[in-house]
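Just below sit the structures, each encoded as structure tokens.
There are two complexes below, and they share chain A, which is joined by chain B in the first and by chain C in the second.
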Partner chain A sequence: MTFAACALAVARKDLVSEWRSREVLPALAQFVLLALVVTLFAFDLDSASAGRIAPGVVWLVVLFAGLVAFGRAFAAEKEQASLEALLMTPAGPVAVFAGKALAAAAILLACEAVLVPGVSVFLGVSLPAPAIAAIALATLGMAALGCLFSALAVQTRARELLLPVLALPLWIPFVVYGAAALTGRGPQALANLLALDILVVVVAGLAARFVLDE
Partner chain B sequence: MNKLRIAALLCVPALAAAAYMDFVFAPEDELQGVVQRIFYLHVSSAIAAYACFAMVLGGSVVYLWRESPAADRLARAAAPAGLVFTTVTFVMGMIWAKPIWNWDPSKTWDARLTSTAVLWAVYAGYLLVRRFAPPGRTAARLAAVVGIVGFIDVPVVHFSVQWWRTLHPQPVIETGALPASMLEAWLVTLVAVLLLAGTLVATRYATERNRELAEARREPHELVRLESAAGTS
Partner chain C sequence: MAAGERVAVVGGNGAGKTTLLRLLATVARPDSGELRLFGLDAARRRAELRPRIGWLAHQPGLYPALTALENLEFFCTLHGLPRSRAGECLALLGVAADTRRPAAELSRGRQQRLALARSLLHDPELWVLDEPDSSLDAEGRQLLSRLAGDRTLVIATHDRELAATLGARLVELREGRLVDRESVRVLK
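And now, the complex of A and B:
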């Protein structure tokens, strides 16, 4: 099997298992809606201020939903002690990592498919197309870094603690360019996000071997 | 007297000379007044922090490449020193920014300030990984990955003043905008701070090595592993 076939097989396995158990996605969708409800109560919103804070709320929700989605990607394997078995297959650690990152990115994208209409329903703000493209692009890079740190954190004593501490600082560039895509400098910010995605995917792909290789 | 003691004793006159150069020898800035004297320590400790993080990067790469315990020890020794110098740079910068930018963190966002805060968080995370990972090879391997991936932020901090429009001034040293007497004062400070950084890293390195040897003495089978690894590196 080629690298891509192995990675896709792992991603398919994760998505099928998520489809059958329906563990992460319903909980995350509920988290997204609750975060929007909390926003309504936490801020004193009117039609003018809703438009100003909506992008910030979107990015905060994406970051925290990402922490849950990527954390679960490796925590579930660790709990069932199936990660070792997965790594013993001839697929190789990098293909396993790529597959799991792809599946986690797909789960977060599905969660954002709830978030974007949710923002227009709850806050009355419809996000423009460049903003949605920016969220999708950022999700890919965030998944690569997030899954790298998730794979690292499950091997330590404090996994829930360590993932946000490691992932959030290095996700900040995605928020910087993602927020820029919402404020008019769309094409330039999207190009920057794409470049950042490529850099992060390459770095995470190179580092994954050392994280998963026991 | 061992080399570490000599280096530590040398730091005292070096730092005293730097203090003399910064507060007495260097002329007072016409526009900013006395607060500009922060510049000498601020820039020097930023460079020392970059140097420490470069040591973490180098140690991490060599460790992943050849599993050399010495490389891991270097990375482990340099990270806290880098964190200390980042803190010094950061605090000095905030004190300087307060009167000159009329700085208020809730109103002004500065790319270099923010990216430096991120840098601090990345290497604090590095130390947390070392603490929470199972000790030994796993901790070294996982921390090495963080030490390499986290270094991405160092060029971001360095070039942030060119990539974004910031309040932070552009570099003055490599462009030759600094008067000669100020440059001399800064060079003396830089040498003193780098000497201090080197001494801190070397002391920590020796401490870590002694700790490993003490642990090996408690568990003799570990000593074989340490010594065979030391022989190959």
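And now, the complex of A and C:
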């Protein structure tokens, strides 16, 4: 059984479970829409200020939605007491981690598919293609880090507190490069995000073995 | 333990039964001492040992939104087994009628049978079971003995009758220490 096949099987299992239980996705979609509605009423927006504020709102929503999506990745396994059975298979902890990170990233991408048109509808701002690409690239790296910390946090009592404390500071570079993608330095910012993704995925993959199975 | 031997670990709550079984199943590492399984150091060669071990924790650990068949097929994929093995194991455990039902809708006893089926998918040589009898009916308990077959079996239980049914040697733990080793026949 190859690494990729095991990781895809884990990702598929998580996505099928989410599709049937509808535990995370509807709540996150609702959060996205509510955040946009609150923004609409909280700021005195005109066409000029909306354009300046919208990218910041987008990144804040992505960060907080990410905390929920990635936090559930391992919390569900912990609640179902199923993680041990997973780790007893020859798939190995890194393939399990990769699969769960893929599924969590897909769930966040689905939320972003609500967010991007939502920004256009509620704030009247159409995000340019580099911004959308930056959000998608940042999601991948954030998923790798977020799921790693989620795996770590579920082993503690204060997991809801630990995940934001660990993940948010290390997600800042994704926001920095992501925001830069909107300021006319799009290609360079996207290249930086890609490099950051590769670095984070490799490091998280190496660390996952120790976090999950030691 | 000799190959094919059956051992029942008994003892009160907090005696250390689950800890001992988790060590044997390689899901926990010993803080000190040495554990050898099949002649291999269990702490260092877990990846080699795990395909030879079937582990059932105290909780079934199933995916509630997946059907009984999907639960097993998923683990077949991770074990590199054909999916048809899932159906075979469901039939073996007497839960073939529940194939299309989500695990969440099964009774606790049926969930336990499904979890037992999962632990047997890869036909392990060593079967480690943490109180599987807590939600099994009389038929399910008889089934345990049949399924154990020639495997080496270590089972934690509060039920000495079950140990007798299995023909298992009793090992009693108290506060993490072995205090009694008796043949179940002597105890009877």
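Keep in mind that, in the parts below, the second predicted complex is superposed on the first by the 213 of 214 C-alpha atoms of A that agree within 3 Å, B and C clash if a C-alpha of one lies under 4 Å from a C-alpha of the other, contacts with A are read in each partner's own complex, and residues count from 1 in each chain.
We take it that a contact is a pair of C-beta atoms (placed from the backbone, for glycine too) under 8 Å apart; a residue touches a chain by one contact, two chains touch by 3 or more.
Everything quoted here is computed from the prediction, not taken from an experiment.
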Determine, for the superposed arrangement built on chain A, whether chain B and chain C clash or fit. fit
One more residue to check, A:201. First (chain B), second (chain C), both or neither? neither
Going by the contact rule set out at the top, does A:16 touch chain B (first), chain C (second), both, or neither? second
A:158 contacts which: chain B (first), chain C (second), both, neither? first
Tell me which partner A:113 touches in the superposition: chain B (first), chain C (second), both or neither. neither
First (chain B), second (chain C), both or neither touched by A:169: first
So, does A:148 touch the first partner chain B, the second partner chain C, both, or neither? first
Given Cα centres, how many degrees, to the nearest 10, is the angle at chain A formed with chain B and chain C? 90
For A:33, decide between first (touching chain B), second (touching chain C), both and neither. neither
Nearest Cα pair across chain B and chain C, whole Å: 5
Give me the intersection of chain A's contacts with chain B and its contacts with chain C, in residue numbers. none
Can you list the chain B residues touching chain A in their complex? 64, 114, 118, 121-122, 124-125, 128-129, 132-134, 138, 141-142, 144-146, 148-150, 152-153, 156
Chain C-touching residues of chain A, taken from the complex the two chains share: 1, 5-6, 9-10, 13, 16-17, 20-21, 80-92, 213-214
In the complex, chain A residues that touch chain B: 145, 148, 152, 155-158, 161-162, 165-166, 168-170, 172-173, 199, 203-204, 207, 210-211
Give the list of chain C residues in touch with chain A in this complex. 25-27, 29, 46-47, 50-51, 53, 55, 57, 59-66, 70, 74-75, 77-80, 102, 118-119
